[in-house]
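These notes are about the structure you will find just below.
Just so it is clear, A, B and C label the chains in written order, and each chain counts residues from 1 on its own.
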């Protein structure tokens, strides 16, 4: 199965990565190569196999409900590309 | 100072042969001299390093010293270090000053080790040649035309050229072992969950694991003792008793069963590399180990499965780089959407963008089952292969990389050829197993690494195997020309 | 044309914890922007989530309260989408294996009981807040709320009117406060409903296309939004139009619903198991431990009140309609006053006064202790019901006043001395001999007239039941 330009546009949009019309051919070629590599997976039957998400079979630990974190507002706002009035500023969000 | 092991450095500091400030200055001078050509470090901060050295000297003076106190360690620029620029090799984080310490950095700080600088790496640890770094390629100290391997290429060059006594790396698909192999020193990727991932910038969360990069197995054992331990800030951290890794280094290896998977010696392996590995096996036999033929029948699926799972996780992990709270934001934009698109187009390099796109694709509606779920099932098959293998053997041995260091630019335009670099290392990440690369010979003056893979939590076993080998060979002590 | 309305509700319940779902940052409301956002809330590179134990316990409590199955193994997944108030670019939620499975909640519809099926409840985290216009043409992001623990409770499409939907929402709102997992503060967003609405013709089983009204944070808005939306959908269909699946917002100002503009494309959230979090394992032991600590549920308490205290079904429902009401009632009972009288007073006089003044019972100007001393004076026949109402009004204005003092001051004490009542009755029978004769000749009505005369003669202070029995006795002689 190969990956189509239309699909690349769709996933690039989902991933919020701009792919210009000029880049599209190159990107398609390379992604197609990778997808061909990945296709090899289809050679084996995995019907009754349990998917594996984690390297080890252990349980999720739980945290006591106690405040451990400090206020880091000033530091974090100083790291922002644009901050004002204690807020991170972005172009207008339209709902 | 140049040729001392970590243990010897520690003894010398303890007996006041030299101070940590002197030792740190010595390596800082070496960095000044060699970094312009090697490009191993992204950030050097003399003032900070020397201040740490001063504090370590006070610790030594007061008699409260542990094994790494006062010793300079190079830190891969993937670990957040409070107040240090932490770039992860990306334009996205070019000016990012980390506001906190990763657990690994915290542990080194607490041990009194000195941070000698942040090392270059493939962008977001995605690469096998250090050519995807926004901060330029790193030269292999053995041959400046060659790559050092990746993604921990800066740490690799730093250790090989003795710009630091030891360094940290991270390994998602081979990023400690392949550069260790290509640069001729010892590197270890621990069992998944043994070293905390907190503060280590994520590439593929279920595969990432930090580990030591140093000259010898003994050095790695000392580093590992500092790096490991349960961390309640990382849900995937393993809660088990902290182990001593130096105690069993000298144990006899007589009767140890070495499994040799036939799949590691097929056509993908360079014949010269194969010869080196065979010689190492002969050496082990002489030392009393037993060689057992085993099979890892699903190993050929490791790369395909990895290039689904790792990009899938990465595509999600890298969504936080949106230009809102920190890091790069594009200069001009019309609206929010435009800001996202341009920030991420300009802030990420090509390989990172490729993997984000692949990851987004395999998770998207209609493809999830065929790719992501399938890959997770294959991950299980690969883990099961190892499980069966360890019923017959104690450790598994093979090559670390299919070839020696290759020329810069050689595979840059061919992602698939680059991905093949990790053909022997990736399956252990998928299974979460500990593995290390140990220098085992040279091909035309370029080092070759031997890979030792242990069962879960059997770091001691592979360190013991590596140490005994290094007591009987001197491959790990060879140094590149022109670094004195 | 006859239409059926089909409604399902997804409720975001903010859990009453000290810290966030996946980090030890505080969750206090109304703090300065970005002062409650830690490294994890801000999604700094390298940070990792660790699950809050209290939220897990809360989810288990909820599961037990709706008789649902608690998953022995549940999984956290990432829901991927970009939004400036979503710092990681994904929300940690549960997708395939939620912590709470199928359950049910019964609601009273008129005299009938209707069962609303709960499909699932899962743990997730809240996003931050975007505010607009702080700077001209820009939005400001406050991440204080980012990572706040939520339990999302999803019903089957079992409700068929705005009234049913509101009844369900109220019932759920009561339940989550009752079991102590949510503060119920709707203004602060602790309880928000997304309502799925569709309509279908009565003669078909085929469901219509649904539209989801987002983020309704008052019962009134739920009603208004559904009413508007139902009318809109029916009109559109009757005009030959079609309904497109959509996410819509309700504007309380105009009372209308409208489509959201920004969530343009059909979102592909690319859910996958979060590799930073492991399977959440809950043992039978864990569940047993929590079960032991569960309070009696409103439904159970209601039945017990009917059976043991003799309350009517209506009164028992009213008394258990909210934890605060129940607590008020129980305090009264603890003070030794009659349960039926207590229920009558709470649901009658107290409720109407509270409603009139828009005050919650927990802030009632007349505390249980005061009301108990009033009711006990009715019980011991010191005062009549009418006198008690008079005193109630006085207490409402000033609850510091002593009930007995008011009785004395206003001379409201009933005459319960039988000698005294004897005297009055004798006097009344003497002056109204005609009525006595009428009664004796069989006209029962005359009895009440005589009582009226006695009450009048006692200036309303004679104990009416005593009067009745004495009069009856004397008349039968």
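What to note about this one:
Definition applied: a contact is a pair of C-beta atoms (placed from the backbone, for glycine too) under 8 Å apart; a residue touches a chain by one contact, two chains touch by 3 or more.
Since the structure is predicted, the reported quantities are computational estimates derived from the model, not experimental observations.
With centres computed from CA atoms alone, A is the chain lying nearest the middle of all the protein shown. Relative to the C-alpha centre of chain A, the farthest chain centre belongs to C. Chain B and chain C have Cα centroids separated by 57 Å. Rounded to a whole number, the gap between the C-alpha centres of chain A and chain C is 41 angstrom.
One inter-chain figure worth recording: chain A and chain B are separated by 23 Å, centre to centre, where each centre is the mean of the chain's CA atoms.
In chain B, the residues that reach two or more other chains under the touch definition are 96, 99, 206, 232, 235-236, 315, 319, 322, 324-326, 336, 340, 360, 364.
Multi-chain contact residues of chain A (touching two or more other chains): 14, 16, 53-54, 58, 60-61, 63, 72, 76, 88, 90-94.
Within chain C, the positions touching two or more other chains are listed as 39, 42, 50-51, 80, 82, 84, 139, 141, 143, 268, 270, 275, 277-278. The part of chain A that touches chain B in the complex is made up of residues 3, 7-8, 10-12, 14-19, 27, 30-31, 33-35, 37-44, 46, 49-56, 58, 60-61, 63, 72, 75-76, 79-82, 88, 90-94. Residues 79-80, 86, 88, 93, 96, 98-100, 102, 197-202, 204-206, 232-236, 312-313, 315-316, 318-320, 322, 324-326, 336, 340, 360, 363-365, 368, 372 of chain B touch chain C in their complex. Contacts from chain B toward chain A in the complex involve residues 96-97, 99, 191-193, 206-207, 232, 235-236, 238-239, 298, 300-301, 303-305, 307-308, 315, 319, 322-329, 333-342, 344-345, 348, 353-354, 356-358, 360-362, 364, 370-371, 373-381, 383, 415-416, 419, 429-432, 456. For chain C in complex with chain B, the residues that touch the partner chain are 39, 42-51, 78, 80, 82, 84, 87-90, 139, 141, 143, 268, 270-272, 275-278. Within the complex, the chain C residues that touch chain A are 17-19, 23-26, 32-40, 42, 50-56, 75-76, 80, 82-85, 130-132, 134-135, 137-143, 249, 260-262, 265, 268, 270, 273, 275, 277-281.
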